[in-house]
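Across the two complexes that follow, chain A remains constant while its partner is chain B and subsequently chain C.
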Partner chain A sequence: MSNRIDMKGIGKSFFATRALDNVDFSCVSGEVHALVGLNGAGKSTLMKVLGGVYQKDEGVIEHNGKPIEITAPADAAKAGISMIHQELSLINELTVAGNIFLGRELKRGGTPFLDKREMARQVKMQLDRFGLSLDPNKPVRELNSGEKQIVEIIRALMSDSWLIVMDEPTSALSEEDKDRLFEFIARMKAEGIAIIYISHHMPEIFSIAEQVTVMRDGVIVLSERTSDTTEDAVIQSMTGEELEHFVKPHKEIEGDPLLSVQDLCKAGTYDQVSLEVRPGEIVVMTGLRGCGAPELAKAIFGLDGDYQGTVHYKGRPLKPGRGPSVSVRDGMGLVTENRDKNGILPPLSVRDNIALPFLEKTVRAGLIDGGYIDKVVDKAIRDTSTKTSSPDQEIRFLSGGNKQKICFSRWLDEDLELLILLEPTRGIDVHAKADIYRIIEDLAERGVGILILSYEIDEVIMLADRVLTLYQGQSVSEYVYPNFEKDQMLADMAGAGQPH
Partner chain B sequence: MTSTAMASSAQNTKKLDGLTLRYLVLIGLIVIASVGFSFANENFYSLTNIGILLRSIAVLFLLSMGMTFVMLTGGIDLSVGSNVAFSGGVGVIALTTTGSAFIGFAAAIFAGMAIGAVNGFFIGRLKLSAFMVTLATFALARGLALVIYDADSINVSNQTFLWLGGVSWGNMPVVIPFVALVFIALSVVLYKTTFGRDVYAAGSNFATAFVLGRRPEKTLVWVYVLSGALAGLSAIITVGRVSSGQPWAGLYLEFDAITAVILGGTSLFGGRGMLLGTILGVLLYGIIINGLVLTGTNPYLQSLIKGMILLGVVLLDTYTQRGKTA
Partner chain C sequence: MPDLGRLLREKNIIFVTLALCLLFFLISPRFMSVENMSAISRQIVPIGLIALGQFFVVVSGNIDLSMGMGSVLFAILLGVCFGLTGGVAVGIVAVIVASLALGFLNGVLVAKLKLPAFIVTLSMLFMAQGLSGLIIPRGQQIFLMGGFFRFVGSEKFMGFYWSFLFLVVLFVLAYIVYNHTRWGSYVVAIGNSEENAKLAGINVDRVKIGIFMFSGLCSGFAGIMLSTRMGFVQPGLDGNGLLLDGIAAIIIGGTLILGGRGTIGGAFWGLLFIGVINNALNLLNVEDVWHQVFKGAVILAALGANWVLWQSRQAEAH
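== the complex of A and B ==
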């Protein structure tokens, strides 16, 4: 049966801010509708209106031509609309089938006892229907993030949803899991499911979506069939201006290595990895998720001392697991891959968030010199073009891109010598990305050695002076600018030609 | 007032702005409560009573300031009330055996810090739950106090030892300017030193503070030691007030301190709050309790009212925090 949702003339304000203004948005079963826009453009607000989390101020929502009221998430569910969240909402202790039937378990004929076999059978049937292989009796804790996402989607489908909203579904997936998700999406389309797909990744959008809608500042600025538009047109309407393409400046790198890692091993994580970073050099490690690079970076930063091999920094051997306080004092900095977990201090101001690593340097006669901090912080905010109403603003009110810039700006201090960046542009929009690339180049220009982990091949090629590909914890090969062969790198990352 | 000057010169003027409304409401409530009680009892406004009131909450000021540091790190210290009895006992016994008031002072403060160090070690270094660890030391310190006092009080007659808690200049107990000095000193520590910034950082996000090269585990240890030291100081004042050491001193003070701190706008979840708020919280709470005594309210009812106040402020804090994080 064919279904459609039409949102017409939707308006929504938060106090003085107009979050949505006269927005029309439709989706039809059997199609993927991509929704794109910079952070704060209104995508999530629109989806929260559709999901019953927020109430619209104006406009109507029609389901198959009939107006419906969605005032609570339960109303959305009744209309067949399901949201798949970035933070997955599964219970680790239950099995796949247990999670899918959570809250509406099947009982054995009239008894209070669960009919686990029947639940597993029904789940298996659904999984087969979409060509997915997953054991319904496996505990969710044993699944990887791609499989968990599948469980969430199956749960939505089994509660009679025909419209699935996915917010950045590939941000935490390996290449393999991405391919499986796209395959799954194609099958769902064939079964008449509609999908709203929120993403920043142009290639993904153009390969799976029929329709693409761009939002900017609460209004729709473009809505076209993907076959009738181009990536550049979409990006341009997202930002409202010609995007300046980031061009890597050419430079000569010489001098003794700042960081030199020899034969680093940690059982089951990385094996015999060696690398060097010289002052002013940008070295990028890349691979698939699970390639061991983040763990390696954390060992270098002193967070994990459980490894064999040696790390030399500024010509001296580093003590394993010496702790970040020693590393920071020694001129190292780290931007973690998970801002919210260990990147920001949510209740504190932008100023306090920036100033924390270099507090000791601001102390005069035992007391903190507030004027000195203000100077450094103002400069850091300017240099990173962070958008904040004032340094007193609490950081949690900033957008993802601006939070990430704060995570960078703390390290702009002149004593920084080595900066380690884990997925520096994860979950941020194209605008903020361009700023981050510029910051990284500026630092390298100043002579800071930079070690990056990135899973995005285009970013790797754009930033790096040197690339190290990793596969299952082993270094595959090294490429030096400008001899970057994208296809060969991708093959390295996927383990092509590696013994299994 | 010095306190506002302190606060605004600090690194978080914005936090004051965010809390300004809260503080204005507290000041308003303090005025309303004082006016209300002065109608109920004409003695309420007498200088003598204000002196009595301030002296009776002097200890609560000190403990609540320590509790503010602890709660800014996201922790809690249930042991402070028992610690007042324990460190008082150690101080009094040191005094009576040596005859030196200063050895008595030092012994009381060191004993308080020792309990704090035990808390800090288990919470900061071994990462145990602050609630459980200080619940244990809450019982432990009370038990030690009963053992060293042999469950009986000890009279103290050394005038130097009794001076801080017992002497008044006219209607002004000397302990009040002392509390003000401690407030200024702790404000400098909290707003103008790296330790103070680390207290906020540890309570905002422990993992981030660690990755940024801070030593949040160390910060926690020192925060509990500070809370213990203030319990030791409080013990000296308590002994001075009643001219004797009591094994059951400080009973329920942890409850009062926690209530006053939350009332003063310090978040239960760490990272948010200021000492000025705690001072206002203690004043309001103290006036209400003192007023209930003066108006002859049934003691059973007093406990009921205390419980309701705590429930009310926790509700308020949790909901305002939820609203902010949504």
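== the complex of A and C ==
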């Protein structure tokens, strides 16, 4: 049967800020409606109104032409609306099946007891239907982020929802899992499900969506059939200006290697990996999730000493597992892939978050030199064009892109010689991405060696001076700028032509 | 298939407790006597009730500090009712109603007003302590005599004290509720992420209020058991010692103090561990002042060794 939701004239204010202004938004079964906009454009707010997390100030929501009230997440669920959030909303200590049935558990007959076997069976059936192999009884904490995403999607599919909102579902997925997701989406469309797809990836949007709507500053600036518009038109309406393309500056890289990794091995994680980073050079490691690159980066940074092989830094061998404090003193920096977990201290201010690695360097007579810190912090915020109301703002209230900039800005002082970046633009909008690429290039120009792990092939090609492809912990091949062959790199990552 | 390695890893506390028993047996053979074992089973009842109530609170990411002094207050309430009516029925009903009310109050303040559980229940601890002293001035006590107190406190069924059997039945019920009902899953979900639990459509406030009402009820039961064991009630009873033993039991049993993870079985073994230490230190005539010092040292040594072992096994596994 055919369903539709129409949001008409939706308005919403937070104190003095007008977050949504007279927004009309509709979606129909069997279609994907892409919702696009920069961070802060109002798309999350709109979806939270639809999902019952926020209350609208004005406007109506109609389900099949009849007005409905959505004042709590439960109301949205009753209307058949499911949300898949960007920050995964699973319960780590419950099983796959326990998560999928959370809030609507099956019980054995008329008893209050859970029917775990039946729940697991139904989940297994759904997983089989999509060709996925996951144990329904496995605790979610043991899954990787791609698998967790799958659990989220299956949960939405099994909740009798006809409308599924996906907030950047591919940001944590490998190329392989992405293709699998797009297959799901095609199947769901065929079954009459409507999808609201929030994304920054133009190719994704134009390959799966029927309708695209762009928001800017709380209003709708474009809403068209994807067949009637173009990527450039969408991008232009997002920013309100032609998006200047990021162009890689030309540079000469010479000198002895800053970092030299020889035959690094860790059983079951990475095997015989060698690489070099020279001052001013941007080396990008790429592969699929599970290629071993994050673990490798952590070994280089001294977080894990359990490996064979040698790491030379500035000509000297590094002691395995010497700990991050030694690495930082030596001029190394690391920005992790998981900002909220490892990168920032959420309750602290922007200032304190930036200052953290500098504290040891700024101690005068046993006390912290606050004036110096203020200068460093101001400069860091300026250099990265971070948007924050003040340095005293608590960091957890910043958007993803701005949090990432803060993680960066911590390492921008003169002593930095080698910066390791794990997935530097994960979950960040195009605008903030360009800022981050610029920061990376500026650092390289200053002579900082940069080692990046990225799973996004376009980003790899845009940023790298040298690319190392990895497959299941083994290095496949190396590419030097400008001889990047995208198809060959993708084949390397996917293990095509591998002996095993 | 039983996997010994995994069993050792996950059930460490069982082996630590058994090893401790062996040690105490070697020091004093009387420790392993049937009389002493059943003495332990009776001694752990009030701690066990506190631990059981606290378990759900802690797994949900909260804490209930009012349980210990609450149970003293409820014991006194029972004593006063006994003094007025000469029977226990009114007293028991009064304790159940009052303990549920205390839990409800804690729950509402935490869930609805979003006050930190630590602050709310700490305030209740002080109030319970104050009220106990108000009802019975310090230095005075009410003696409790009669069939009910003797029956629950010292009668046995098939070799087990009734009070211990009551505790075991509650643990079994709690196990079923925790592992096989929605409510149990919701407690875990809230402890992992209140936000995500809410997004799944769970009525988080109601579950939280329920959790605190259960911990309140458990402290009521603990108060009743305390009075049957002692045979008298007075405001000087060590409610906070009881609270800390209860918390220690569940943490030793593998419950994460930050919430989100824990097992009822682990909590039970943690309880036995605490019971064995308390009993052995009494049995070995350790002086009162040293009792606590030894207890701390034994917990630290046993769990420290356990932790080091576990870590080395983890390293081996990789």
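Basically, the second predicted complex is superposed on the first by the 427 of 500 C-alpha atoms of A that agree within 3 Å, B and C clash if a C-alpha of one lies under 4 Å from a C-alpha of the other, contacts with A are read in each partner's own complex, and residues count from 1 in each chain.
Criterion: a residue touches a chain if its C-beta (ideal position, glycine included) is under 8 Å from a C-beta of that chain, and two chains touch if they have at least 3 such contacts.
The shown structure was predicted, so the numbers you read here are calculated from the model rather than taken from an experiment.
Q: Does chain B (first) or chain C (second) touch A:E231, or do both, or does neither?
A: Neither partner.
Q: Name the contact category of A:I344: first (chain B only), second (chain C only), both, or neither.
A: first
Q: Determine, under the contact definition given at the top, whether A:R329 touches first (chain B), second (chain C), both, or neither.
A: After superposition on chain A, A:R329 lies in contact with chain B alone.
Q: Between chain B and chain C, whom does A:D392 touch in the aligned arrangement: first, second, both, or neither?
A: first
Q: Touch test for A:L102: chain B only (first), chain C only (second), both, or neither?
A: second
Q: For the three-chain arrangement built by superposition, which of chain B and chain C touches the greater number of chain A residues?
A: Of the two chains, more chain A residues are contacted by B.
Q: Scan A:P112 for contacts with chain B and chain C and give back first, second, both or neither.
A: In the superposition, A:P112 touches chain C alone.
Q: After lining up the shared chain so the two structures overlap, which partner does A:N92 touch, if you call chain B first and chain C second: first, second, both or neither?
A: A:N92: touches chain C, not chain B.
Q: Once the shared chain is lined up, is A:A77 touching chain B (first), chain C (second), both, or neither of them?
A: The answer is second: A:A77 touches chain C but not chain B.
Q: Can you list the chain A residues touching chain C in their complex?
A: Interface residues on the chain A side: 53, 73-74, 77, 83, 85, 89-94, 98, 102-105, 107, 112-114, 116, 267, 306.
Q: Quick check on the complex: what are the chain B residues that touch chain A?
A: 9-15, 17-18, 188, 192-194, 197-198, 200-201, 203-205, 207-215, 267, 269-272, 324-325
Q: For the complex, give me every residue of chain A touching chain B.
A: Touch list, chain A to chain B: 303, 324-329, 334, 336, 341-349, 351-352, 355-357, 359-360, 363, 366-368, 370, 373, 390, 392-394, 396, 410.
Q: If we count contacts the way the header does, which residues on chain C are in touch with chain A in the complex?
A: The contact residues of chain C facing chain A are 176, 180-182, 185, 188-189, 191-193, 195-202, 260-261, 315, 318.
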